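The data blocks that follow each hold one structure.
Look for chain A in each of the two complexes below; its partner is chain B in the first and chain C in the second.
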Partner chain A sequence: MESSGTSFNAAMRSVAPHQEFLLQGSILDAHCEVLLHRLRGLCDNADCNPEQFSDYEAVYQLKNNLSTQQSQYILFRIRQALDHADAPWHIRYLGQAEVGDKNRHTLVRACYDVACSSNVREFLNELGFKLDHEYVARGYFFHKGRMKVTVSKIYRLLQPGKTDQNTLEPMTQSHIVELSVVAPLGQDSIGDDMRNFAEQLKPLVLLEKFDHRRLP
Partner chain B sequence: MAAGNVKVSVEALQEHRIQEVGLDGEEKYVQQLSMSENLTRLAHKIDFYKDETEGKGKPASEGEKEPAEEKQLAAFQPSLWPWDSVRNHLKASLTEMSVLLDVLNLVKEKQYLVADPVSQDPIETKPAIQLLAKKKSLSAASTVLTSGAERLKRSLADANKKNATDFHAELLRLRKQWRLKKVSTNIVGDLTYKSVGSRFWQGGSFEVRKSSEVDRVDAEGEGSKSMVEVTVPSELEGVAYIQVEVKTVPDMMDLTSCTLKMPPGLSSVPENAYWQSKLDAAQNVLFCKELFAQLAREAVQVKSATPHMVVSNQIITNVFPGHQLSIVLCHYTGKEKKSGEQQQVPVTAQKLEHNHVLEHSLHQLLHEVHHSNVSLNPPHPVNATLGMTKRRRLAGPECLTRQELVEMTENESLLSQIIKQTKHGVLRIRSMHVIDNMAINIQDPQITAHWGCLNSPLESSVRIFITSAGYESISTLSRTSLVLLIGVDTIRVVMKDGRTCLLSFEDKELQDLLAWQIAQHHTSVVQQIARYQGWQILSANSSIGSGDMEPFATASAITIASPKGDKIISFRSGPTSGQQLKVKTLDPTADSHPSPAVTDRSWFEHGGSFKEVNLEKLEGRNLASKIDMLMAHLSTT
Partner chain C sequence: MYIFKVSCTLVNRPSALDNFALLSGQLNSLKQLLKGDKMPPLRNYVLFPVLLSQDADPHLEKLTEGRVMSCNHDLVPDYLRTKPEPEVEEKIQTLSNKAATISTETNTKQLNSLNKITSNLLDIINSAKDEWENDASQKGAQPQTSLPQETTNLVGAITKGLRLRRPDTSMQQQQPGQMAPSSQQSQHPKPGGIGKVPSTIKTNIKAAGSSHPYQR
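Moving on to the complex of A and B:
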């Protein structure tokens, strides 16, 4: 599919190569403790308490006027750590995932994540982006080598813009588990390592690649 | 009439049924059945179902006939009406049901048929045989039980004897301390620090096996022999440690002439030692090897101001001129051949100078390196890149310059860190010696040093007070104080009035500084006494330009006048020139040139000359008290 989007992607890839390998799964709240215990044993830093995080994410979209573009919208994700006020905001672009390749065990997509100043929301508004949806993710963070595992619960904001604990409502009765690695282009053996790690968590949570376009 | 030859013909009655009579009178008969057809017709009348239930004992020939007849019957059937088979089935079931009913009724009524259980023969009770049978079975059971009890007793006795040294129990204890893995039939363990972040190339895997009977029998009676035997790799056998030493080589300042030491005889781990001590020793060997390898690599690769020398298992470097730091990896495996030719090492071990503080620091530094390899700063928010420090993450939004980024990536090597610590240690000890020597040798004034109790491996501080005995409590002004901040290479001095200066590592500089401060102190004490005595200070100068020039620093001087105004004392104190006191008595007669122009009286009172006072002959414990007495005497006479 020759389009300006993909050529832009190709150009970016040669400058700052970043690919995200992703596996996702979910586990019910009742069994989350067992999973956390397991992850604590499998991952690095087993002697420390698992790191908790609380992030607010807003997704901005811009309508794409080019008819040959793969998708209708360009999505930018803004993320802020709620529990660390001095951490910078991050802006993230995720490309389309390449699915259909049976040899790849994980979802592979382009991913660009940069830290930015705190006025990024006004900036995007000025550019013409509109807020699509926002949510708060809270959970635990583990890492093994360069693999990141997050077990998080997604909360809906009852009042737009307010992220206090009492204005949040959990969206599901389960936690979402994500295993991801961000690596430069060409290192495809990461997928095997991720699959081996996912095997260790097998009966508790099934980590697999989902095609996001096929979700209802 | 019975006549013979009467032919009697017998013929079958023609019992054919007339089907129809033709128009011409011809009679048409029903088609006569052939023999086989007749037979089938008759067979059709037979109820085959009844035959089947009763006909188990029937001869085979009849059974064979049946399928043939059935086949023919089957061929026959399509000509009959379609419900025939249904009717047959129903008829059969009806017959069966009625038979069953009859049988049940018969049995119930007990009139025609009685069902009685079969009477069995009474059991013959032969007690002898019974007894024998019981005995046999009991003996079999008892043998089973006794064999089981024997086994249990034996295992219990074994356990009591060996103090619970079951192989599996030991293995469990081993597993609690070390990482074990089963590879095919062997149990292999991991000695390395890889799981906590070490990147050393040398592998350390040990093998665990059950100790054989022979070993156990040969064991000495020191402790109970364990059932678990570990075999460590050959390159990690023995005992090793890193020895750090700082020595002064006053005349030999170059590295090439330093003496190389052979590692002395150590006690190695005995062969039948407990597995924990063996594994600990092997792990220690691995750690020391990694540490030394890292230091040696840095010594060779990193370009620094002073050259380092690496010789087999020693690293030698100059920290200060005249001070050498030597790091030695001592590894004793217990298998060294005692060759008589070049063995220079005496039988008794040399007394080693261990700098335990630095050795501990080295161990700590390597542990730090391991730790930083594994524990990454968790990213907040979690989508950010793993492994960056917080400052680096803020580099983008806060627009750090390239210079700052480059500075952030610079890492200090292990060797340079330990050299810094050594330098600081040496500098601190030397400064301590200088101050202590001066305090011992100089009685007046008194020097006291208060060392800060909180210090880092790279920085210490000390506060020095110079006071005169008997005059400390007058006011804080009579106490001279200065703060020394001892760093890696330099000493920073902060004086009472806020001036700072930087000294190098030479101890002579510190000595000179302290001597100068002492000289300053004398002057300030005199000033203080003058104030309390009521003498007027005519001039006070902390660095005068007159008189002989001091080799270092400056001399200070003060001139005071008595309350009555007739006596003037001039005091000069310098670090090398010492203290000089001169007194002048004003003589109004000398140098008086009366003239009408000059009328003020004070102009006539400058006569007299200064006379030096011998301070040693004055009475008083120290200089301050001497001058105090003098001033008191002069002001009264």
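Moving on to the complex of A and C:
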């Protein structure tokens, strides 16, 4: 069982890029327009309108009773595009974000993102996963080279599973801004590009490697 | 003159040498006089071009500090001009004629109105400048386009689901499940160890007190 898992991991590593380099920040809603304008200028496809998205994300949790490791549960994230009904659903696994030392400019975490069919929720339920929390993320998507920038607002669901406009409640008065690249292992040079890009958004947004251990 | 004489007639050699010595002495004193500032009439000489040439003249270039490369047909009229061009002269003539016909009364009137317009313009420029500087200082004073607390909330929400979980009936089953790992992550000592913690602290204090007698 263990050996098959590691060989699977090894196969994944060789096939797909799986390391996410990440910087995070936020912007108050009042200044979001300015940020979008600047991003439009900085990123590719400046002549088009920024691409919008509206995603529903449900996070499933499986308690791991056997494990003696520190994290006693495992989270899987299911994402569904609300504005494109025919788009495939996505299942995503995110590892613990590592801050690293000063030489590393971004957070680094494992990231596996795979398209799947729409019955993935039943499948996870069958496996013993339980719904942990859910939200809707709406916003804008930019890219510059292989860097991805999302500016999105996080909404709470007032009624479980209902994603209509009137059952959504904005969580804060800010948009979250994320700059990320998913790359194969060991491409640390991408961090320099990302830091340079983040510098250009100052002082509007402070994109930083947000230490997740600081979270309560 | 003298040289001609020397070459044509036989002269007494010592007297000729004497005369040459006299000449060189007088030339020297003339040179010194010319160098001094007390001889302006000798320095005010009229310049007229003897030779026009398209070839670059390094000496001329050096004299004019690189402004004139060669004494050619293109430059000389401009440099040696003592009168404006005929068309310009004509224009000046008509303007001065017009100025002469205007009465002193209208003259002063126009002068006053010009002064008024100028001062108004100056006021406008100054106020615009003040406004602009105020704007700049205000921008420097309140660059608050993002709040760190909001970043924390949003990042906490999308990575750990903080403030997204509902205290619903459906969630209550999971509540202990979520609480357990998070509490174990934040504080590693197990509940059983709590009793021992104060005693270790006590011994630590004692040990510290005895080993550093000079600190108090």
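The rule we apply is simple: the second predicted complex is superposed on the first by the 196 of 216 C-alpha atoms of A that agree within 3 Å, B and C clash if a C-alpha of one lies under 4 Å from a C-alpha of the other, contacts with A are read in each partner's own complex, and residues count from 1 in each chain.
As a convention for this text, a contact is a pair of C-beta atoms (placed from the backbone, for glycine too) under 8 Å apart; a residue touches a chain by one contact, two chains touch by 3 or more.
All values derive from a computational prediction rather than experimental measurement.
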Joint occupancy of chain A by chain B and chain C, clash or fit: fit
Which of chain B and chain C A:83 touches, first, second, both or neither: first
Partner chain(s) touched by A:112 [first = chain B, second = chain C, both, neither]: neither
Which of chain B and chain C A:93 touches, first, second, both or neither: neither
Touched partner set for A:134, first chain B, second chain C, both or neither: second
Greater residue coverage of chain A in the superposed arrangement, chain B or chain C: C
Partner chain in contact with A:61 - chain B first, chain C second, else both or neither: second
Partner chain(s) touched by A:172 [first = chain B, second = chain C, both, neither]: second
Which of chain B and chain C A:150 touches, first, second, both or neither: first
Degrees between the directions from chain A toward chain B and toward chain C, using C-alpha centres, nearest 10: 50
Chain B versus chain C as contact partner of A:51, first or second or both or neither: first
Lowest C-alpha to C-alpha distance for chain C against chain B (Å): 9
Where chain A meets both chain C and chain B, residue numbers: 57
Of all residues in chain C, those that touch chain A in their complex: 143-148, 150-166, 168, 170, 173-174, 177-178, 180-181, 184-186
Of all residues in chain B, those that touch chain A in their complex: 374-376, 378, 380-387, 390, 393-394, 396-397
For the chain A and chain C complex, residues of the former touching the latter: 24-28, 31, 34-35, 57, 59, 61, 63, 70-73, 94, 97, 130-135, 137, 154, 156, 160, 171-174, 176, 203-206, 210, 212, 214-216
Touching residues (chain side chain A, partner chain B) in the complex: 44-45, 48, 51, 53, 55, 57, 77, 79-81, 83-84, 86-90, 92, 113-118, 141, 143, 146, 148, 150, 152, 182
